Amino acid sequence: MSERRRGALVSERILEKPKPTNPVLVCGLPGSGYVGKLAADHLIGEFKLERVAEYQSAAFPPQVSVKEDGTVDPPKGELYFGAPEKGQELFVFTADAQPTTSEGEYELSDAVVRFAKKCGVRRVYTLAAYITGSFSNSPRVYGSGTSKEVNEMLAEKGVVLMKDGGISGMNGLLIGVAALRGLEGACLLGETSGYVVDAGASKAVLELLSKVVGLPIDTSRLREKAEETQKVISQLQALAEQSREAAPQSGREQRPGYIG
Amino acid sequence: MSERRRGALVSERILEKPKPTNPVLVCGLPGSGYVGKLAADHLIGEFKLERVAEYQSAAFPPQVSVKEDGTVDPPKGELYFGAPEKGQELFVFTADAQPTTSEGEYELSDAVVRFAKKCGVRRVYTLAAYITGSFSNSPRVYGSGTSKEVNEMLAEKGVVLMKDGGISGMNGLLIGVAALRGLEGACLLGETSGYVVDAGASKAVLELLSKVVGLPIDTSRLREKAEETQKVISQLQALAEQSREAAPQSGREQRPGYIG
Amino acid sequence: MSERRRGALVSERILEKPKPTNPVLVCGLPGSGYVGKLAADHLIGEFKLERVAEYQSAAFPPQVSVKEDGTVDPPKGELYFGAPEKGQELFVFTADAQPTTSEGEYELSDAVVRFAKKCGVRRVYTLAAYITGSFSNSPRVYGSGTSKEVNEMLAEKGVVLMKDGGISGMNGLLIGVAALRGLEGACLLGETSGYVVDAGASKAVLELLSKVVGLPIDTSRLREKAEETQKVISQLQALAEQSREAAPQSGREQRPGYIG
Amino acid sequence: MSERRRGALVSERILEKPKPTNPVLVCGLPGSGYVGKLAADHLIGEFKLERVAEYQSAAFPPQVSVKEDGTVDPPKGELYFGAPEKGQELFVFTADAQPTTSEGEYELSDAVVRFAKKCGVRRVYTLAAYITGSFSNSPRVYGSGTSKEVNEMLAEKGVVLMKDGGISGMNGLLIGVAALRGLEGACLLGETSGYVVDAGASKAVLELLSKVVGLPIDTSRLREKAEETQKVISQLQALAEQSREAAPQSGREQRPGYIG
């Protein structure tokens, strides 16, 4: 096991260095509708992937969260690996939160992409939300890749290619950084209202990912996971509401310049 | 006495390095209802603890405060130590304010935890507020620990274990960083409205801490201290109000550039 | 080709180092009404300038944008060079976005000015917007230079000299940094309402720049470019609106302190 | 002349190193009512002090301002020195703006205090505003020092000692940092509404400073200077208003996440 700094804010703890032959990296971090996070967690659970690296960042929100087992944990990024099927090697990266500064997001993206590249990854996919503000029963999946070739492949699989706009946060940046490091990749965005944890959008995104990487993915257990997540988030937001009214603790915007 | 950098923002000034046999570290920083800060200050005064280390951070709010003796002081973190009773060794960490950035909170937490660990600390408790938005005459104490064993112990002592949610700011982060450094710990949160300096919540938290660490704590002088604190804060907030209305140079964070 | 750090946040990738005899540097970055960005892009296209350096910054907004060819790209700064006419050597610097922090803007400005100086640049012009809040059919061009001599020259060419006020963001800072590095320069600001992408203001600024540097500039294709840009921005803003209501992904202001 | 880094953000350019026998340092930076800035500028002009050091910071607002002579200048800090009368040696520090981050304010304060200490300064006074929100014809001067001895001296001279509250921004922090570096000092705060550039408050502060350091100060030219300043600020605020409504350039809160 090795631990090292990966920039001013990030440290990387490698638990195990896999030597796959032709792996892909799939990333899903918390964002609108938790579409990407939900999908990434599903892949980790469904394929029983193993944790191979952990990322701390001083740019993560300064707090701890209460895990399902009732113990506390600081926010971290985690990289998982496994081989769901013969010749199918999969890295999945997710995190408890997104860094709170641009610098933090760039450093974390760079650390993950560099380690994945060292492990032989040539293609990176991120899973995110395409916010429409309205609900849809058959959510489309939008996408954009790092090259025209990638875009053509995406279109064949049924992805609606984006013509303009942007993808903000780690789910977008990771693809940008992958491109800067000479990797190919694409972002797949599931159509969502953005108002709730959207298992439907995650399902749509995973079904397309399944076609894109040629890996069957059973999404039947996705909905219950989404319901749990929704419950947790509602509670968090309720707490946040309250503290926002009264509490320095709710963050520095609220914190008086000086506390006696 | 030694002074050294502990990251990009923090410097540590060690006045004395205690060599206790089995000390605990208790932390309480300014936050909602000043529950943690009030409790930490009470422990320092009640047990006449001695200052053993001082922390400066360039992430503290850039200002000075007027102390009780009328002189000015920049914000700082302070670590105290003492042995209230035979076989009872206690470190207490508090600060005048919380750092204003994530990086600042991570660096300060790390510096304190590392020094405490060097001094033999194996268990860290932070005292904080559990905001309900409503007033309570018999405030409950919520909590969450770094392991199931810690949680079981907390439950035995009467702590209501948290099932979800998060603890933000230094009072939460210090436990997270302690866990990363291989220490055990827990956060004890006193139920409070979050609207006022809450001596009742501090009292409840201290009474539970007393059971948890097996140390009798007289909380009779807590209420008057709370009243002073409330007075000071009201004045500070009144001033802040005014300058928020008037300060031309009020700056991008809406933090008044200047408070007279 | 060489790549190197230019500060804590910026890295510079030099594709080619021109050796002109008496070049000028013109800068236009995204700002009010996109006056400067639109004008810079026009110069690059009109004179078929070649890309000679690329700038990455961890202070750029953490995201990717979808380019006209449908592929994604992270924000970057780009320096172009060419010789539109005999004895007319022109560097143009533009970027997809402005850095999100003061430090980021200072570092990027310094990196660009230092490289330009190495290439023999002695005079720097930035193109920006002078916001009036009302629409004008014959927009005036305001300006301010680094010396009285420059100001006299500007006045002769028809620039309305600024008597007070300030120019914020990279379009102002680049001139300030140029002065610190011993270069001369001026900022030319086209009168604009600030409400829309303003091809009229860009045209007015380019016509004055044309007189100032003695280089004929055909602005006939400017308006269509402005219309495309307006379309893209409207879509971006619509998306931003939606996500602002619901989405962590739209930026850290919206992102809950903790995401489960 | 020497130039060097003084931290991650600050660089110091020393034009001349005075060797006085018993100098004091007086600081006044822009803040509420420009009380401190106005007073510092008055001292520089009245005693024809010479510029001995200049400070750049990447934490200053990223912009340039138009000076009275119509040329542009980036924000900077400036240290002046002179000997108004025999045995009266005076350093004055002021700046065009305050740094926009805590780290920036700490680094700049530290750089100035360290250089002043090297030049033999043992006592530092900052001039600031005490905001009451209401207008006063005979503004009082509040104050707080780094020791009881200083406070006693201040009281003798007619300063109203502060009992609580805080002084935020550089005008407060500089005293705090001076204390950390082993210097004595005090902050003098002129009672002001905080709504306008307040020559009356600056006059009151200068009259008390005059008694404290035993140096006669003619304040007759103060009012006209205040009127100019007020005019400039009103224009700046008008511009700021407009751009706040419409303009990315007005700062990152307004700047869309991505600009095409």
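So that you can tell them apart, the chains are marked A, B, C and D in the order they are listed, and the count of residues begins at 1 in each.
Everything that follows uses one rule, which is that contacts are C-beta pairs under 8 Å (C-beta built on N, C-alpha and C of every residue); 3 or more make two chains touch, one makes a residue touch a chain.
Small disclaimer: the values here were computed from a predicted structure and weren't measured.
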Size of the rotation, in steps of 5 degrees, that lays the CA trace of subunit A over subunit B: 90
Chain whose Cα centroid lies at the greatest distance from that of subunit C: B
Same or different residue numbers at the subunit B/subunit D copy interface, by half rule: different
For subunit A paired with subunit C, centre-to-centre distance based on mean C-alpha positions, whole Å: 33
Gap in Å, rounded to a whole number, between the CA centres of subunit C and subunit B: 47
Contacts with 2+ other chains: residues of subunit A: 8, 61, 63, 65, 100-101, 164, 166, 168, 232, 236, 250-251, 257-258, 260
Subunit B-facing residues of subunit D, complex: 8, 30-34, 97-98, 100, 102-103, 105-107, 109, 128-133, 142, 144-148, 150-151, 161-173, 175-177, 179-180, 186-187, 189, 192-195, 233, 237, 251-253
In the complex with subunit A, residue positions of subunit C that touch it: 8-9, 56, 58-66, 69-74, 100-101, 104, 232, 235-236, 239, 242-243, 245-252, 255-260
